[in-house]
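One structure below.
Read from first to last, the chains carry the letters A, B, C, D, E and F; within each, the first residue is number 1.
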């Protein structure tokens, strides 16, 4: 598979949120406005890439030879969690500017399914390291895209006379549903 | 002659034909006048008379120090009966001086003054002493408008003869009946402000006035560069920003004033008052207005003493059908406030009394905004009324300010065209208050 | 067995390294900050789910500690955490317990309107465009701007066209008082004895009042004269009680010809206001 | 600070060791089953294609698809005793909803012995009908979409909608699967020609 | 007993992890296109949360607070892996159709949340009851959503066709948009239930 | 009991006579030619689909609003427009229950859930269509040859489908001749046939000529702005050319013109600002072509517009410079402060 295809498919066709239902918690929680969406999206991009860069070699060069592949869940999540924590410590202390705009979203990400799913996908789809990184970026930007789009729709919901029984979270999911309808248009884009 | 205009706007039905051809009637005999003390835009002034005092017509009865003040004059010869809060034309209570006329007419006017030989300061003082405020709009003190700071030289004096409000015809009649006074007023203001160009901005539905005005220019101001500029008949062509843009191509900067683009804009009535203040020494004690509307049986243009109550117009001066009357508006239908009773005084800047019948004053329920964008197309200030409305609804005052809440001139074009009959302007007025309050708070916080 | 040994060795080593690193960096990268944030942070579950709408538990903790966020946003923590945070942040215990009272009793049938109002149906809009809708320019306009700002569901628009305060729910937050364009909601101590005049008509002339409202204060000053404690004075044309002197004797309530007095009684306030019923 | 490091490290290590020990036990129990499952599944499929065969030997290398869209990912020689019955080719191509993988049997007489869809992620109700055992492209003969290939000559035309019955409203899926079968057939028969020309038949 | 019951039932509606707390959402939409997946996921999840809460509650005094998050992760991950391996071994088809979602139980916010908020502070037995309540609260929602989606989207339940032959499956329900829409309706249903219960409580109180 | 019968109101006191109802009525009028022509092409089934669709749309709206205790306002005719559009963008052989379901989804899921008229961020009719398309792909992609009634014997591929599946424009032309829809199969007459609308497709989309009639009418009464449709078709034209497809053919076949005129202009799901409209149209045209060229469907108008609906809220921020706009002089001020 060439890299562009991997990227487009991760970004649009198999959009992590709208088509694969992952990372829903931060999707609903953080799409309040565009700036939050973008901050969260950037943080996710950053972490998915790092997680990919770390877990892929770990799996390929350590777990696989040692025949410990069954430990991958445990190892991946531990490594990712620690990594995020370290990066956060580091940014907070040394790059406060970046921390303020993006770092504050980092802790959210430890428990974000998307990151872990990407690292698993990298393995199960048999990507090499470069493909894995491209895939990770595609997924993360796809996440950001859906977040930003929902933030836009939410802006309109603010003043809409939504029926009472749907107010709050239900209408967010209904909006997500219609966003997913629109994204269905991309299915089959790459054959 | 080419017709100029601005972008946006709308075409409300004009309905000027019913009063356009009726000559101005001058009214003197009234049973009482209720003169609101503060009719101008600016700092409040205080009465100079007491209950029981006798006042002459033209006598100063209220004044105060301060730049943003103008004095007030008695419009009849009579006895001060009361000084108490009364309902004003803006629907709010305010201090008013009630005078009951005495028989006869004792008047005190100022001495005449030659506007072209006196000093500029003397001329400005005369404008103030005559109690002149802008009668086309908010009642801005004329002497302040005519004296911009030295770093803002004035190039144009634009006479606002657009009279873009439907129904109203008083400016048209004034220009037709006393064009010389009006042109003289322009010349005087040009003299005071040092402007080199004078322009009469005239909507093209009054094209028949062009020869009359040009003749008057020839007679009264032959040495000066005063021209008549025809404008497309379109609401709100008479808004000063639109007028300036149409005439000069300049745009008054956001938050700025006409003087920022070297213009002074004055209404026909204001200019006539300026002329009279010098040539006759007469302060503003009369006001011209059109009384018309579907419920009005005898539409008329009138000069009446300031402070005359609307109810005293009927039935002797004007007749109306009480059964038909549904809405009583002080001014034009686009911008004038509707008042709930006839016990409202006619003020210096009252340009009309509209007696609207049920057909004209049809009531619509507000619907949801369907985002048709008609308001966006119509807004004379190129604002985005639909979006401003949403921002205000969401309580997002920052966004409202960014969209231009404070730039809205409250012309009402957007409400007029909205198919869902959303009361956009009314909401914007509140929005402007809120935004201003917010800015004030921020300024306070910043100041601390 | 081999697998088990490798597994054990590998994971123990990995975990040890990670744990050690954690301990190390925690110290090394320590950042000074408001201890309150840490207190709040510790009270939170640390799930970092983002459900609160803040970037993680830390973000939320910071917002709570600064007082920018309500304490009830943490979903995983539920009520327990909310209570804990509430305790940490401390409820403003100092201020006096007040409630809002409407100083107008010009209901629909006694206070006529000037005309049919067809503009935006809010008090502020009606006030701005038409100077209010009632003949009485000081009274309640009845479009419920106050009702819409009350966060505690303590205000309800009554059938009579006036908002009614549910004194049990009212927290005295003062939102409605700030919102009312007529400024006729007033903050009254819940526990204080005394009397209030339920009219804000500042017109000086009796006739003007009588024309505009059947139950308005007609400035007869009977109450001022009748009060044995002399605690009532006219302020801006409206009688005002000095609560420190008032004994709740109820004489003013009896004397008022238009029955605009209400007695605020400490013991019954929570349940009802006795409105002139000493004479009924 | 040193103490902290040690304390956290040891605590974590202990828990990890405990957890992993338990895991390793579970793993040793389940591993044979999981591995066995996969092998059995493949075996069952192969057996399904060549019911008579008694041995399946993986073929390493030498099998390359010549069309760009189709990739051969594995091959097995089906034998009975010493005789070669045919080859089974595992190949994939991109279909509507992602890669589709098929196992195609090619018999020594240059016919398709059979075709099975191993992986397909197309739309349920459309493309996914290719793996629906109850979806028949030929209702009278009760032939499923992959079933229609059995017995077809390698050199026949494989034109969808002419020679191959398409799944209704799923031309893309049909074309992708057909291309796999055709290419696998060609590759398989080429191999047979080179390596098993002396087959029993 | 009463106390236990209270701990147990709150997970079903009032503090239902999916519908009220809005966490652990991903699996609820993803695996609910068929009932068997829903049941499988629900049970897997319940297994992990019960054992994780139990173990952590058991050792709660031994866990240094600075390292608690990594330790929780280790414990949860271990149980998740066990479930994953067992499903692969004994329910291969189910395991395949749920794909990556079984491993993802490890990051399911519900588990972390309950472990932190409840298990690390309470006694083991209480923790197990809490976990059961949460797990079942999670499971019933999955099954509910899955029933609707499979019935309308495929005309079947647990893979068995039950709608009449003439019923044409509405694929919308099995596809992502349908999943979101059905989930939206479930949340709104639950909110309604909760409001109703609160109203009943008020009525009961007033009656008393 | 007011003191007199004077109305209290805020200025302005006069209004244009335009109402939402009249605007919707004008859209219905603009859609009448294509609707009638659809019935001419396909006969009774098309008529029934239109009637059922409108009836369901109106009934669902009324029922939903009644059940949720809101004011029922079907009088504004917007539900009629939505219902009509759902039918017009469905294939002529669509089962009646299916088109009813589409209308229901359009009105309930896409419109009323979000607060009804003017509040829906996505185009209801297109959501209805998209849901039908994903639910019943077979039925939604079964096309019929015009003038031959609706039966199994008359199914035929639509022009875009033929090309998508590898055919050429000449094949399309020959198909027209074979079905008696055209007399010659050269390029020019094929395009002419497409322009007049004697071709298979959705009920309302065939006749470019009649769509343009509707367009001119809507423009003339100023119900819509020309910006969106022109931007959309223009961009699609350029993009198809750039991607090596016949742009004229692309503009005349499929639903792009219908979509551009009647659906991309939907008030509530498209931007209100002029610049926003331009970008909205351009984006919709671009996505349409990308899907046509690379996507899984022969036609991408539905998704082109729906995708842009999702982005539309941001385009409302692209406002025209207001009167007297002065750029904030911040940087200068800051420097001065330094």
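Basically, a contact is a pair of C-beta atoms (placed from the backbone, for glycine too) under 8 Å apart; a residue touches a chain by one contact, two chains touch by 3 or more.
Since this is a predicted model, take the numbers as computed values, not measurements.
Chemist: Where the contacts of chain C and chain E overlap, which chains show up?
Modeler: In this structure, the chains that contact chain E and also chain C are A, D, F.
Chemist: So which chains count as neighbours of both chain A and chain F?
Modeler: Common contact partners of chain A and chain F, which must touch each of the two, are B, C, D, E.
Chemist: Measuring centre to centre, with centres taken as mean CA positions, what chain is farthest from chain D?
Modeler: Centre of mass proxy via C-alpha means gives B as farthest from chain D.
Chemist: Mind naming the chain pair that shares the most C-beta pairs in contact?
Modeler: B-F
Chemist: Using mean CA coordinates as chain centres, what's the chain C-chain F distance in Å?
Modeler: Those two chain centres are 49 Å apart.
Chemist: Report, in whole Å, the distance between the mean C-alpha point of chain D and the mean C-alpha point of chain F.
Modeler: About 44 Å, centre to centre.
Chemist: From the C-alpha centre of chain B to that of chain E, how far is it in Å?
Modeler: Centre-to-centre distance between chain B and chain E: 70 Å.
Chemist: Residue numbers in chain D touching 2 or more other chains?
Modeler: 4, 7-8, 11-12, 15-16, 19-20, 23, 27, 31, 96, 123, 125, 172 - these are the residues of chain D that touch more than one other chain.
Chemist: Where does chain A touch two or more other chains at once, residue-wise?
Modeler: Those would be 25, 28-29, 70-71, 74, 78, 82, 110-111, 161, 165-166, 171, 174, 177-178, 181, 183-184, 187-188, 190-191.
Chemist: What parts of chain E, by residue number, touch at least two of the other chains?
Modeler: 22-23, 66-67, 69-70, 74, 77-78, 81, 85, 109, 112, 171, 175, 177, 181
Chemist: How are the chains arranged in terms of who touches whom: line, ring, star, complete or other?
Modeler: It is other, because the touches fit no line, ring, star or complete pattern.
Chemist: Using the touch rule from the top of the page, what pairs of chains touch, sorted by label?
Modeler: Result for touching pairs of chains: A-B, A-C, A-D, A-E, A-F, B-C, B-F, C-D, C-E, C-F, D-E, D-F, E-F.
Chemist: For a test of understanding, state which residues of chain A touch chain F in their complex under the given definition.
Modeler: Result: residues 34, 149, 152-153, 155-157, 160-166, 171, 174-175, 177-179, 181-191 of chain A touch chain F.
Chemist: Write out the stretch or stretches of chain B touching chain A in their complex.
Modeler: Checking each residue of chain B against chain A gives 368, 390, 393-394.
Chemist: Enumerate the contact residues on chain F facing chain D in the complex.
Modeler: 137-138, 141-142, 165, 296
Chemist: Considering the complex alone, what residue numbers of chain D touch chain E?
Modeler: Residues in contact with chain E: 4, 7-8, 11-12, 15-16, 19-20, 22-23, 26-27, 29-31, 33-34, 37, 123-125.
Chemist: Taking the complex as given, what residues does chain E use to touch chain D?
Modeler: Residues in contact with chain D: 62-64, 66-67, 70-71, 74-75, 77-78, 81-82, 85-86, 88-90, 92, 153-154, 169, 171, 174.
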